[in-house]
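What follows is a pair of complexes built around subunit A, which joins subunit B in one and subunit C in the other.
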Partner chain A sequence: MTGPDKRRPRLDLVGWSATSPFGIGRSAFAEGLREGRATATALDHEQWQVPAGRACLVPDFEVRAVLGKKGTRMMNRVTGLAVGTVGELLADMDRSALTPETTGMVLGTTGGSVQSTLDLTRGSLSGERPFHVEPGLIPYSVMNGAAGQVAIWHELKGPNATLAAGRSAGVLALSYARRLLLTGRAGVVLCGAAEEYSTARAWLARHTADPAAGEPLLGEGCAMFALAAAPADAPAAPASLVGVKAMTCSDGNWAAVVRRCVEQVLRDADAKPTDVWAVSPSGAAGPGGDAEQAVAEELAAAGGIEVPVAPLVGEGHAASAAFQLAAVLSRAETDERSTGRLSLVTTTDEAGTVAAALLRHH
Partner chain B sequence: MAAITTDDRQQIKKIVCDILELEEDEITETSLFVEEHDADSMRLIEILSSLELNLKVTLEQADMARMVNLAGVYEVVSESNR
Partner chain C sequence: MDDVTAAGGQRPAYDRVVVTGLGVFSSIGVGVEEFTEGLRSGRNGVSPITAFDTTGFDHANGCEIRDFDPTPWLRRWKQEELGRTAQFSVAAARMAVADAGLTDEELRARRVQVAVGTTDGESQDLDRLAADWVAAGPETWDPETARRVGAGRLSAAVASEFGLTDSEAVTLATACSAGNYAIGMGLDALRVGDADIALCGGADAMCQKSFSAFYRLGTIAPDFCRPFDKDRQGILTGEGAGVLVLERLDSALARGARIHAEVLGYGLTCDAHHPVQPNQSSIARCMQLALDDAGVAPQDVDLISAHGTGTRTNDVTESRAIRDVYDSAPPRTVSLKSMLGHTMGAASALAAVACSVALTEGFIPPTINHRETDPECEIDCVPNESVPARLRVVQNNGLAFAGNNAIVVLGHYPADSDSDSDSDSDSDSDSDSDSDSEAGSDASVDASAVADAVRS
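Now for the complex of A and B:
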C-alpha cells in the first residue's frame, strides 16, 4: 500500500481509561504521568509469597473491594482489572449510543492468569480425585476468561477476542479491533490489555529474566480504548488510529527489524519522522528494548518528545503497550503542539514480536 | 435412600449461599436459584461440583434439573450414594 486509502473510514479513539500503579481511572493516570511519579512499593509478604523486593502495584486494588461482592467470589485479579477498567471507560461514554450486539471486546494478555492456571492444576494434582477441583476457578484458569467476564459484566454482545502477545498485546489488540471495524463485524470495539501481579508471575519472571539485562521491577494494570469507525468528514475525536505494523524478529537483529517496522508504519501513512510529535518505547530490558530506545531518541532529536512509561510504572508485560498508548493520549490532551501531529508507540517482546502503532491527534 | 441430617442441610445451605453470594437469611427452601437468585448455568455446575467435593458424594448431571432450590438439592443429595 502506498499512502493512506482515502475511501476508508477514519478510526477514532473515542475514549480510554486505565487502572495503573498511578491509581484507578484516567485522571489518576494522567496526573501520575504528568508528575513523573515513581510507583514502586515494598511488597506485602502476607499477600505475596515472593522474595523480598518491590513492585509497581495498583494501589489498594482488591477485586471485591473495587467491584463489590456480587459476581466476584472467584474472580481473579486480571479479570478484576479488566472489568473495572472497562467500567471506567464506559462511565465516560454515552452508553445509550452503544448497541450491545455490535460492541466488540478485544483483550490482550500474556497468557491469562498464570496464578489461576497453576492453582487449578495444583488442585487437580493434590485433590483426592483429579476432577475434585474448585469449579469456580475454571473460567479464570483459561486465558479468555477475563474477556468473557468483561462482556458478561458489561453486557457486550459483539465479537469477543483474547490475544496473547506479551508486551505487544496492547498494540496488536488495536490492530485486531481495527480489522473488526473495517470488515463491519463491529461498530465500536473496546480494546486494550491487562496484566496482573501475582506470586506465580513474580517467580516466573525471576527465573526467566536475562541476568545480563538486569531484573526490572514488575508492574501491572490495564488500559482500555474505545475504537469506532467514523466517516472521513465526520467531526474529529481527540485522536484516531492511523496504522499498526507488526513484524517478527527471528534472527536477533532487533535494531534492523525495529527500524524497518517504524519506517513502514510511517511510510504507509505518508508521514515523515518530523511529523511525529511523541514517541513512546516499551522500555523493555534487553536488545529489543534497546533498539526501540535508539529509534525513539532519533525521533526525539528530529523534533518529537519522548514519553517513557516503564520507568514509572514498571515492566507491565501485556499491559505495557496499552499503558504507552494511554500515555501519549494523555500527554496530547494537555499539549497543543500535538494537534495535527502523530504519536508513535513501539513495542518488542522476547517471543520475537516487533510492533508499532501510529496515532494522529486532532 | 439415605436421609440427610440437619448438619448436612446446614452445610449444603452454606455451600449454596457461598456460591450464589447470598446471606443465609436471603434464601428459603423453595426460593429458586435461577429465577430469584440470579444463578446462571455456571453457578449451578459450581454447586454440583462443590457438593461432590465437600460431601464426598457423586451426583449425576441429569439430577441438576431437579436442583432448582434448596429443597431440590436436599432431595438429590439424600438419594445419592454416600
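Now for the complex of A and C:
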C-alpha cells in the first residue's frame, strides 16, 4: 500500500471491554491502569499444580460464578473469559443495531486451551479404555471452541474465526477484522484475544523461559473490540483504526524488522513520528521485546507518552496485544491531548511475528 | 483496486486472483502428479494407524503418510527443529512455490500473506506432552517440544523458510474448515491490496487426541470411509497438507506463470447453534454467500466437493443444504474424504487442490468405497470411478466444529468469458456434463453425547 486510500470507509472502534487481572469490565481495567496497580498474587496450589510462585489472575474468576450454571459445566477458563468479555462489550452497545448474520467474531489465541487439549489426551492415556475420554471436553479441546461458544451465547452468525499468533494475536485479529469489513463480509466485527492461566501453560512457560530473563510472571484475560465500517458522514467514534502491519523476523534481526514495521505502518497512514500521542510495546522479555522498547523510547522522546501494560498485568501471551490496545483506548478517554493524534501498539512473538497497529483518537 | 466487494466474475483483469502453484502431501500421493493419479484412479489412503499405540481401540484405521520425508523440501529449517505438522506446512509451501516457478529472491521482493489452517496444531508434540505428564509429570517435559507447540509456528515457520520479512503469517485455527479459511484470507489480502502473493492452505498430523475424541463420539468408521452411503459409519482420521500459491491475474500473466485455476470467491458463516452438530440453514447461507462473492449462479456450478465426512449427520445435513441452494438439482457432489480420510485443517486445502486438478485435468474424482447411496442424501456422488468432465466452476465445502463454515469457489482459467484468452492451460476433455442428481441416501449419527454434556 502506498498512502492511505481515501475511498475506503473509516473503520471505527465503537466499543471495547476487558476481563483482566484488574478485574471484570472496562471500568475496572481503566481504574487499574490509571492507578498503575500491580496485580500479581500468590497462587492457590489447591487449584494450580504448579511450583510455588505468583501470577496475575483475573480476581475471583470462576466460569460458573461469572456466567451461571447453565451450559457451563465443562466450559474451560479461556472460553469463559471470551464469552464473558463479549457479553460485557455487547452490554455497552445497541444490540438491536447488530444483525447476527453480518456480525463477525475474531478471536486470537496461542493454542486454545492447552490444558483442555492435554486433559483430553491424558484421559485417553489413563482411562480403562483409550476412548474413555470426557465427551463434554471435546469442543473445548479444539482451538476454535471458545469462538464457537461465544457465537452460540451471543448469537453471532457472521464470519467466525480463531487465529493463533501468540503474543501478536490481538493485532492480527484486528487485521483480519479490518479485511472482513473492507470486503463487506461483515458490518461489525467483534475482535480481540484471550488467554487463560492454567497448570499446563505455567509449565510450558517454565520450560521455555529465556534463561537470561528468567521465568515470566504470567497474566491472563481477554480484551475485545467492536470494529465497524463507518459511512463517510457518520459522526466520529472515540477512535478509529488507521492501519495494521505485520511482518516476520526470519533472520533474528528483531531491531531491524520492528523498526521497518513501525515505519511502514506510519508511512501507509501518511503519519510522522511526532503525530504519535501514545505508544504501547508488548514488554516481552528477549530481543523482540527489547527492539520494541527501543522504538517506543524514541517515539516518547519525540513527544509521545509510553503506555506499558505487561509490568502491571503480567505476560499475557495471546491477551498481551489486546490489553495494549485496551490500554491506549482507555488512556485516551481521559486525556484530551490525544484528540486528533495517534496511538501505536507494537508486538513481537518468538515464532517470528512482528506487528503494529495504529489508531487515531477523535 | 476498484471495488474490493465486487463479485469475482465481475472484476477487471488486474483484480482477479488465480492459483499458480500447488503443493500437496497426502496419503494417496505426494506432489501434484501423484495426487492427480490417486484422484483419477480412486486410490484409498487407508492403513492401520502407526502414529500412536492403538491398543484398546476395537478398530484403528487411518490415512497416514507413510515414510514422510520433508528433508528434500527444507532449506533453512532442519527437520528436528519442527514438529510434524510444521514439517507438513513448510514442505507443502516449498513445493507450491517451486510449482509456481518462484525463487526465494522473488518471494522476498514481494509482500507475502502466509495463511495456514489447522485443527490440532502441533498435535504429535501435544500428544507427547500428555504422555509425559501421565508418566512422570509436566516437570519432565522436553523444552524443545514445549517450544514447538504454539500453533502460530505453523505459518511463521513457512515465512522463515523463505527468509521473508514483509510477510504477515497467520495460523487459522478454525478446525476442519481451516484450509478454506486460509484460502479466503489469501484472496482477501490480495483483493484489498495488502499482499502481492499468498501462500495459503492447511496442515494437520495424525494424533491420538483427535482419534480418541472422534472415537468417543462414535464417528470413527471401522474399516473405510463411505460418504453418502446408506451404511456409512463415520470418518477415518488422516493427515497431510495442501498449500496454494495465489496471486493477481495480471501478476501471473506478467511473469508468464502457469495458471491452474481462478479463485472466484468464498463465503463464511457461523452456525451459532451447536458445538459439533452441523446446521442446514447456516451451511446453505454459506454456499449462497460464496456463490454471490464469486459472481456465479447455482446453475453455473459443475461440481461440488462436499465436506462429506461420512458421518450419519454430516452427509444428510450437507446434502439437504446443497439441495436447498441448488433448487433440488445439484451438480455432482463428491467426497474426497473417501480417499484421503479426514485430514482436519488440511482437509479443505487438499480438497481445493483436488478441485484445481479437476478443473485443469478435466475429470471428476470419485467417492470411493461406495455401495449404495443413502436415499436421504439425494446427490450423485460419482461412486467409485472418476469420470471425465469439462468443468468450469467448482464449489469446495468446508464445515467444522464450532459451526465454522467456509466455502470456496474455483473457476477454470481461462473462463468462457475470456474471449481473447492466450492461455494454454485449457485442457478440457469433452465429456458428459449432465449433472443431474440421482438418488442419494442416507442419514446420520454423531454427537448426542457431546450435545448432552455441553448443554448441561
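Throughout what follows, the second predicted complex is superposed on the first by the 362 of 362 C-alpha atoms of A that agree within 3 Å, B and C clash if a C-alpha of one lies under 4 Å from a C-alpha of the other, contacts with A are read in each partner's own complex, and residues count from 1 in each chain.
Simple rule for what comes next: a contact is a pair of C-beta atoms (placed from the backbone, for glycine too) under 8 Å apart; a residue touches a chain by one contact, two chains touch by 3 or more.
Predicted, not measured: the structure shown is a model, and the values here were computed from it.
K.L.:
Hey, is it subunit B or subunit C that touches more of subunit A?
P.N.:
Of subunit B and subunit C, more residues of subunit A lie in contact with C.
K.L.:
In the superposed arrangement, which partner chain does A:102 touch: subunit B (first), subunit C (second), both, or neither?
P.N.:
In the superposition, A:102 touches no partner, neither subunit B nor subunit C.
K.L.:
One more residue to check, A:204. First (subunit B), second (subunit C), both or neither?
P.N.:
After superposing on A, A:204 lies in contact with subunit C but is clear of subunit B.
K.L.:
Could you tell me if A:135 is touching subunit B, subunit C, both of them or neither one (first, second, both, neither)?
P.N.:
both
K.L.:
Could you tell me if A:73 is touching subunit B, subunit C, both of them or neither one (first, second, both, neither)?
P.N.:
Once the two structures are laid over each other on A, A:73 reaches both partners.
K.L.:
Quick check on the superposed pair: does A:126 touch subunit B, subunit C, both, or neither? Answer first, second, both or neither.
P.N.:
After superposing on A, A:126 lies in contact with subunit C but is clear of subunit B.
K.L.:
Considering each complex separately, which residues of subunit A are in contact with subunit B in the first and with subunit C in the second?
P.N.:
71, 73, 132-136, 139
K.L.:
Considering the complex alone, what residue numbers of subunit B touch subunit A?
P.N.:
Where subunit B meets subunit A, its residues are 18-19, 21, 42, 45-46, 49-50, 52-53.
K.L.:
Considering only the defined contacts, which subunit A positions touch subunit B in the complex?
P.N.:
Contact set of subunit A toward subunit B: 69-73, 127, 132-136, 139.
K.L.:
So in the complex, which bits of subunit C are touching subunit A?
P.N.:
Per the stated touch rule, the residues are 4-5, 54-57, 76, 114, 118-121, 126-127, 129-131, 133-134, 138-139, 141-143, 146-147, 149-154, 156-157, 159-160, 162-175, 181, 185, 188-189, 191-194, 208-209, 212-213, 215-217, 268-276, 282, 285, 289, 400-404, 447, 449-450, 453-456.
K.L.:
Taking the complex as given, what residues does subunit A use to touch subunit C?
P.N.:
Listed in rising order, the residues of subunit A that touch subunit C are 1, 5, 71, 73-74, 100-101, 105, 109-112, 114, 117-118, 120-126, 129-136, 138-139, 141-145, 147-149, 151-152, 154-166, 168-169, 172, 175-176, 179-180, 182-185, 199-200, 203-204, 207-208, 245-251, 257, 260, 264, 349-353, 355.
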